[in-house]
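Consider the two complexes below, in which subunit A is the common component and subunit B and subunit C are the respective partners.
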Partner chain A sequence: MDLIQILIFITISVLIGFLARGRWRSWAILGISSLALFWLQPASAIRHLDFWFPTLAMFLTALTWIAVRPRGQAISREDLYTFGGMTAIPILISLLRNLDRAFLITATRPPQPVGVLFAALLAGVILVILVRASKQNLLLTRLAVLLILGLFIVLKSDSLGQNLSRGLRSWTQQPAELASALDLSWLGFSYIAFRLLHTLRDAQTGKLPELSLRAFAGYVLFFPALTAGPIDRVERFQKDLGQAGRLSAEEAIAGGTRIVVGVFKKFVLADGLALIALNNSNAAQVQSSAWLWVITYAFSLRLYFDFSGYTDVAIGMAQIAGVRLPENFDRPYTRLNITAFWNSWHITLAQWFRTYFFNPLTRALRRGRIRPPAPVVIFVTQVSTMVLIGLWHGIAWNFLLWGLWHGVGLFIHNRWVNFQRANPDFLPRPLQKARAMNILSGLLTFHFVTLGWIWFVIRDVEQAWATFARLFGG
Partner chain B sequence: MNYFGDRKHIQGTWAFLGRLLIKALILFAIFNLLFLLLSPLPLLGPLSGYNVFFPGRARLPFGEDIERSYNISILQLEAMLNSHVISAGDKPEDEYRVLLIGDSSVWGFLLPPDQTLSATINEHNYRREDGRIVRAFNLGYPTLSLTKDLLFLNRGLRYEPDLILWFITLEALPLKKQLTSPVVQQNPEAVKTLLAAHNLQLSTAEARFVEPTLWERTIVGQHRALADWVRLQLLGVMWAATGIDHDVPAQYEHPSDDQSSDLEFQGFEEGEMAESDLGFAFLRAGINEAGSVPVIFINQPIFIANGENSEMRYNDFYPRWAYDAYRQMLARVAAEQGWGYLDLWDVVPSDAYTDSAIHYSPRGVQAVVERISQEILLPQR
Partner chain C sequence: MKRSTDLDREGSLGKSMKEKIKQFIVTEILKDPQRALADDEALISSGLIDSFSLVDLALYIEDTFGVRVEDTDLSAAVFDTISELITFIEKSK
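For the complex of A and B:
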């Protein structure tokens, strides 16, 4: 989101906060979020993809809602209205295609309305069949999980993405030799996918509350959290959505302050640091280790200010619109150990993985037929969780190594804590309580995280390794 | 109670928020008004991280792609000069300081900073007869305009040069080209002072001078210039870290040997261009401005095509008639006025040009430096 888009969304949030209450707030949020999905989607080299990606996101949302509905529950009139609205939005957007560019909501001219109508019809038929077949919800939820994971893997893998791009280019009669995974930049898909997977898993375990399509789609597509999270939980979101109150001065001040802080972090600090932050090309150009350290620190800080700045803006806008999004950052670079860091960095993502991967895997290993010793369980669960978090950023060796780096770090810290508990006098008491020890721990954690970003930012593993070597004078 | 049914967690009412917004607006207006009245942007120029935290730049800041060149085109004269290595402290006693003034070929377009004319001169560590070491400073700046060159010559004098080498080419001389450079347009006061001081026949009411409106002089109006100043300072880190200030692509299109049959030059038909159409007065102003500091004009090398229509044109820039006429005029005026003048128009072989008829490769730079050293820098040896 750029500054103009943020200003427009703030205005919309204020209007929602003032004018829309209860159910109407929910309708307003869904309508604006659906439009935002199209507006924020960047242009793609593949014709009309900036139209079809948001449309597909809406279809996936509707499909998942069908999959997570309680068995045999009839579709209410309100849900039908929501279906109608969600279908009408892409059709109406496609009708704008002949207007002047200034009136277009999509990055490029949308496709012919006839094609969109046909696609809407097809989607409608699929959804009706799924509603009829929804007695077998378990199968449907599994299929939906597989579909979302499959899409995720294709979009996050360079080679699969390139193949898909090639196919789409052939279909749209564009030069296939120019195909690139970069063609498939689907705004917000990662976060949408996490929200959908969360509801699907909770539906499978019977924990998901009953949700109207309006509330469900509003949660999945919520406009402030579309681009950079945080990943809320649906039951919490639904609670806020149902509040009857209107925007209060306290919320306006708190939300506004949060937005100002976020804008400063993102557009002043992060964008300034971006000029001097480590990246793929400058890593090899820097002539001394000292300056390499400087640009590595710059990247570390830039990433924090960028991501947490966007999060502040999202939380602020949501608060004004009447939804209290969860916190995603809590001064992560001041933490004294890597475990505390991961409890304060991208908190909602870490919680998501803890809930849907780490905890079930730990339980499975502890209750399985072969029960490995505790350290093995901890190693396997922590490393695999962090590797998955790494691969979420992209299916590539560098992200895998970044995940390993943190997984092993968490394991070592876990073992160290365990060792300290067993040997409380290993370090002299005064040293344990010394302020200098805290400072040292903080510095060690910050540097561990900062060095880890090298794997994250430099795609080529050999070059990343060379950067490590140069940092230490090699 | 708020949305969420909490007790007040932040003290505030709509009245408080209203007062807060009004105060913020008043402060915003006051700061903008103060900024408008004080125009502090030129005062920021001397505040520079260069030559303090980072080494000074080898050439003036200019960049078309900030992410690849780690450089930015900033049009604030003081900030530009203070980021340059020439601003690093006093001139050493054993230094014979030479300023190079000119366009992109002097700046070193498509050359890394260590292969420009000034860097190549410095590499040789030439010594004058009195033992002083020749040290060249690159005050060239892309865009063709004698007015722009005169501006940098004027500013360069504060750095106590012993010699000024002013590289010129015909394209920079037509009177109508004088205000095309953004540096000239964005620094109207400095340019107008020079025009008036030397009685140069260029209207000071020219519309191309950018005279900011009141609104454009506020913080809001100047936010881009302020941001550029901050970016220039930040980019000092990348300059210090990489020594890169220009993106040199691996491949570019070389000037063509085949030329069009068009004989027009800057609106002049063959034989129409007179001495009065060209800015010789600006060269004279440079001599006067420099006072006791010698100025030598160097007619810089051009690509000489050798293909279709090359009997009509030297290159994309120049039909033969216009360029020949210019050289004759320049030689005659220089002789009449007693100016130092060196004509290097053909010293660079055609295969040593990069992407245009005036940009040459390191081999071309060597050829130019060799002649300059023979004819100017070491005449006493």
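For the complex of A and C:
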């Protein structure tokens, strides 16, 4: 989101907070969020893809809702209206394709309405078949999980993405030799996918509350959290929205302050630091070890201000619109160990992985036929969780190594805590309580995380190694 | 690791739910049986119980009190203190 877009969304949030009450607030949030999907989606080199990605996000949302509904339940009239509204939005956008560019909501001119109508018809037929099938077919949630994971893998992998881009280019009769995974930047998909997967898993374990399509889609596509999270939980989101009254002055001031802080962090601090921060191109050019340290620190701080600034804006905007999104950062760079860092950095993502990957895996290993010793279980679960979080950023060696770095770091810290508990006098008591010890722990943690970002930012592994070598005078 | 039955044999049978849970946490997780644990002491958000031990605690609760603790329940937002955990178990019964 740029500043103009943030200003427009603030205005909309204030209007929603002031004017829309009860179910109207929920309708307003769904309507605005659906339009925001199209508006925020960046242009793609592949023709009309900036129209089809948001459309597909809406289709996936409706499809998942069908998969998570209680079996055999009839579709209410209100749900039908929501289906109608969600179908009408892409059709309307395509009908307005001949307007002046200034009035277009999509990055490029949308496709012809005939094609969109045909796609809407096809989507409708698929959804009706699924509604009927879902009465007997318990496999639907599993198929939806596989579909979302499959899409995720293709979009996050350079080679698969390039192949998909080539296929799409031959469909749109564009030169296939220019195909690139960069053509497939689908705004918000990562976060949408996490929300959908959470509802699908909870439906499988019978923990998901009953939700109307309006409520469900409003949660998945909620406009403040579309671009950079946080990843809320649907039952919490619903509860908030149900209780939201008219926007009070206190809420408006608190939300507004949060947005101002976020904007300052993102557009002043992060963008300022970006001028010198480590990146793919300057990593190879900088020869001085001291300057390399400076730009590595700059990247570390830039990333925090950028991401947490965006989160502040999202939380502030949501608060004005009547929803308290969960916190995503809690002073992560002041933490005294790597475990505490991961409890305070991208909190909702870490919690998601804990809930849907780490906990079930640990449970299975502790209860399985073969029960490995606790340290083995801890190593396997922590490393695999962090590697998956790494690969979530992109299926590439550098992200895998970044995940490994943190997984091994967490394991070592866990063993150290365990060792200290077994040998409480290993470190002399006065040393354990010394302020200097805390400062040292904090600095060690910050440097561990900051050095880890080198894997994150430099895609080429050999170049990342070379950067490490130069940092340490090699 | 000692299972719940071992603990029971060692004399925790007949103790209150709260005492049993406290005993499990201090002996099995914190490895310090002498440690006093306050009812309102933060367990998860303070980092006292890590993610791995939290799953072990859930398995102990399931075995001992016959309630199901879902993976989604294992977070400081659901319970963070002994008191909150007791309320959670009572509600789940």
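As a convention for this text, the second predicted complex is superposed on the first by the 471 of 474 C-alpha atoms of A that agree within 3 Å, B and C clash if a C-alpha of one lies under 4 Å from a C-alpha of the other, contacts with A are read in each partner's own complex, and residues count from 1 in each chain.
One rule holds for everything that comes next: contacts are C-beta pairs under 8 Å (C-beta built on N, C-alpha and C of every residue); 3 or more make two chains touch, one makes a residue touch a chain.
All of these numbers come straight from a predicted model, not from anything done at the bench.
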First (subunit B), second (subunit C), both or neither touched by A:Val286 = first
Look at A:Ile370 in the shared chain and tell me whether it touches subunit B only, subunit C only, both, or neither; answer first, second, both or neither.
-> neither
Is A:Thr205 in contact with subunit B, with subunit C, with both, or with neither (first, second, both, neither)?
-> second
Would you check which partner chain A:Arg354 touches, where first means subunit B only, second means subunit C only, and both and neither mean what they say?
-> second
So, does A:Thr381 touch the first partner subunit B, the second partner subunit C, both, or neither?
-> second
Which partner does A:Ala298 reach: the first (subunit B), the second (subunit C), both, or neither?
-> first
Can you name the residues of subunit A that touch subunit C in the complex?
-> 202, 205, 207, 337, 339-340, 343, 351, 354-356, 358-360, 362-363, 366-367, 374, 377-378, 381-382, 414, 417-418, 421-422, 424
Complex contacts: residues of subunit C adjacent to subunit A = 1, 30-32, 45, 47, 50-52, 54-56, 58-59, 70-72, 74-75
Contact footprint of subunit A on subunit B as seen in their complex | 1-5, 8-14, 16-17, 20, 66, 68, 70, 230-231, 234-235, 237-238, 240-244
Which subunit A residues qualify as touching subunit B in the complex?
-> 240, 243, 245-254, 272, 275-276, 281-282, 285-288, 291-292, 294-295, 298, 322, 324
